[in-house]
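In order of appearance the chains are A, B and C, and numbering begins at 1 in each one.
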């Protein structure tokens, strides 16, 4: 897109390398799963944080690596609206897992990896084929691949169970994942896949970005779009297959989609989204491993997914820009501001009725003008007085200089807009008031200048009332300045 | 029917519609006289389709009201036939031409009631009027663009409404079909029906319609074609957007 | 490898199951047929509304529903479980629309987030319960069901007349209900799926029909869950309508073909499972997918042949590409 954002992803590199460096030394002398003794929760937590357990080191490293690699791939899925592709592929690899096991009837990570990757690619190709040769839509194609491949996988699995001999113990864990069962081979595989994903993203960042955002344009500048699509699918299949052991078939798609979606809610830049998504993946992977370890032989996948879901929920509710609560809060403060401005406007109107012969109004007048009770008027004024736009002395309300200026602006906005609608847009004068009631609070100074120019600096609104100009706003209601001590003139009855 | 002081088929007062992103229509005031063939004209993005959808109650109104035959939509709705844009439905849907035309009768049937023989007869007649009877058993995807449009028209005819709202019925239609459609619209008008047709071609608009409604985010003019089709009004309609109106519309739209 | 695929013996695969244990075979095939037919009929409408994967979402989220119902009421009685799963299905739909409405997350991601989170919650609760030994729900059963235990259920008797296993009876009632609902509300379902705008202008409540369909969807998934599990239920929702769509472009014909597909895949799948001695539900899904692949290959072949001959295909002048 623009040259600026292209070199941004290189900031990813140091961070990811750092992670890899932290992870590898810890693996160096780690041994295969050791016997876990029965101890209390707290002891286990302590053991977690001191990394005494070699199996824990594998589990933790594996979970974090898979978080990073799924997070990176997931970001592409989310922006390409292919979230369910991850779901479909993760189910579709099942027959490949079974066939990889059948290769030599042991749980050989490499054989399973190759078989599952092939099955995943076959699934992706089937989706593409169904879409291009039938009238079925993408959702149907994905569902078909997901369910029918899974069916084949289930048949193979039940057939394997009838086989004599062989070590099938690890296969059940493919469903829900068991990070504690990660071996050295699994972790190395995960590290390789993560490394590959990071390198691919760094090298081809701008190509992947462009083919995701606008494939048509990418094709027009001669980028090999299918190559980038399928290379992404291949990386995705790698990521899914490598993560199966730790998260399980059903929940891999969650680790792809949830951290990336949370990142999507927090930023508008794709490079930053990749980074955040990988970071969220990393954290949730670690949290999942922690709970799985502390809770003893609990499946890891669900805990990772729940951790990711918590992150997502936080982003959904508290994300500064798009979060539900910040938006609600902004909405609330805006309506409070509109209420205050309406009160100021009402004071202005009351003063205007008397041709600005005085500079203060009473609660009674204000209440009468707005057709509300005295109590309501007092509440409204209290809110405005809180932000020092008016001063109240006994029964009398007067503008502060700021308040006067704001009131003038609001009234000016209202009347300019009415004039604009009737003059330029030819809307009947009796229709414009309601619209202006809303617009007056949102017109910026820029727009106001444009409006004034467009309307030849008109001084009268469609109802014949004066539009306060810049000069009026700078001066007080009664000439050059408001007396500093506030209002002194009592209203004449 | 036209002599009695009956309420106008369509009356719109101060209609303002805000789409999710930007408000598209400001304070439109219109009362359409019965038995008129009205062309809704305006540049792209002027809110022509929005107007139709708002009248049909398919979009929420920001302000104002719509009355059909003097009644709100909930009670006057059954007297209105609606022809949406052709792209609005899935043409791979497994229904035949006849099924689609029969849908025009559904509004008159009770919950769970089957279309009767009489309904089928009416649907058959309507198909015949648009010369699509030979295609009655075809799946709707196997039709050309003009034929699809004629099916929609037949469906609207089957609704036997007094007021028709049509969204761009001439888009992607060959010249012969266009002539056939306009002849049909005139025939309906002769029988006292009122028709509002969104149209994008200025040159043919003058010949097709007896009333014109010039829209560009607000109502520029409404009246008999001879009075409204003037260079000055057309210039106002097509001559550039009111930039400030658009600006403010976007400011409003960007707020949650 | 040779021990994986037993040698094919015609008699053993096709005749023995019916001669040795006729009741057993009969109930399994019947259950498979009823579940596939009920799911497939509902699936037709899902596919037309482009919501195929909402079925996927609901079927996954049934697990936490079952467990939550157990935790709340402390019984594993059928109706409690049924209620819990049904409620979970509706919660999923609501959660999806909540995420969609309040953020810029796209629908596909929203579906994925909602169901995986609920499913994860379910697995965690399940493993906690199992740790205390108070609840037994086989994880494998969740994923691919236990159709083989259905003939072993205590049969329902009505007035001294033995009807059959309760799951089968329940499934039959659900199927009958669905057929009746489609027959009665045919035109409403048709028009709200085809042209919601027109439906709304005629005064139909499209939102109500949407939630109605979602409830029925939850109902069929819950009732076939026991037999086929969460994920294979998705296959039964999607594959039969796809098979039917390949063969016909009329809705009534498609509905009929869906039922036919259900029958074929149940019978073929059962014999496949006898031959390979694998999960019957899985084999039914494989058979169903194979039937689709067969028909798909057939249409591709026909298109190729038609293109080969000189005359262009019959559908007339086609000025623009259909989208």
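The definition used in the following text is that contacts are C-beta pairs under 8 Å (C-beta built on N, C-alpha and C of every residue); 3 or more make two chains touch, one makes a residue touch a chain.
Remember, it's a predicted structure, so these values are computed and weren't measured experimentally.
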Report task. Sort out for me whether A-B or A-C is joined by the greater number of C-beta contact pairs. Result -> A-C
Report summary line: At the largest C-alpha centroid distance from chain C we find chain B
Requested in this report: Average the C-alpha coordinates of each chain, average all protein C-alpha coordinates together, and give the chain whose average is closest to the overall one.
Outcome: A
Query raised in the report: What whole-Å value do you get for the distance between chain A and chain B if each is reduced to the mean of its CA atoms?
Result: 39
Query raised in the report: So, what's the distance in Å between the C-alpha centres of chain C and chain A?
Result: 33
Report summary line: chain A residues touching 2+ other chains are 135
Query raised in the report: In chain B, what residues contact two or more other chains?
Result: 92
Query raised in the report: Counting only residues that touch at least 2 other chains, which ones in chain C make the list?
Result: 245
Query - Touch list for chain A against partner chain C, complex - result: 78, 81-84, 86-87, 91, 102, 130, 133-137, 139-140, 142-144, 146-148, 150-160, 162-164, 172, 175-176, 250-251, 253-254, 257-258, 260-261, 264-265, 298-299, 301-303, 305-306, 309, 312, 316, 322, 324
**Report entry** Residue numbers on chain C that touch chain B, as the complex places them
**Finding:** 48, 184-188, 190-191, 193-195, 197-203, 245, 248-251, 253-254, 315-320, 322-323
Query raised in the report: Which part of chain A faces chain B closely enough to touch in the complex?
Result: 135, 327, 330-331, 334, 420-421, 424-428, 431-432, 434-435, 438-439, 442-444, 447, 450-451, 454
Report task. Would you pull the chain C residues touching chain A in the complex into a rising list? Result -> 1, 3-5, 47, 50-53, 55-56, 60, 99, 102-106, 108-109, 111-113, 116-117, 119-121, 123-124, 127, 139-140, 143-144, 231-232, 234-239, 241-242, 245-246, 272-273, 276-279, 281-286, 288-289, 292, 296, 299-300
**Report entry** Touching residues on chain B, where the partner in the complex is chain A
**Finding:** 14, 16, 26-27, 29, 63, 92, 217-220, 236, 242-245, 247-248, 251-252, 255-256
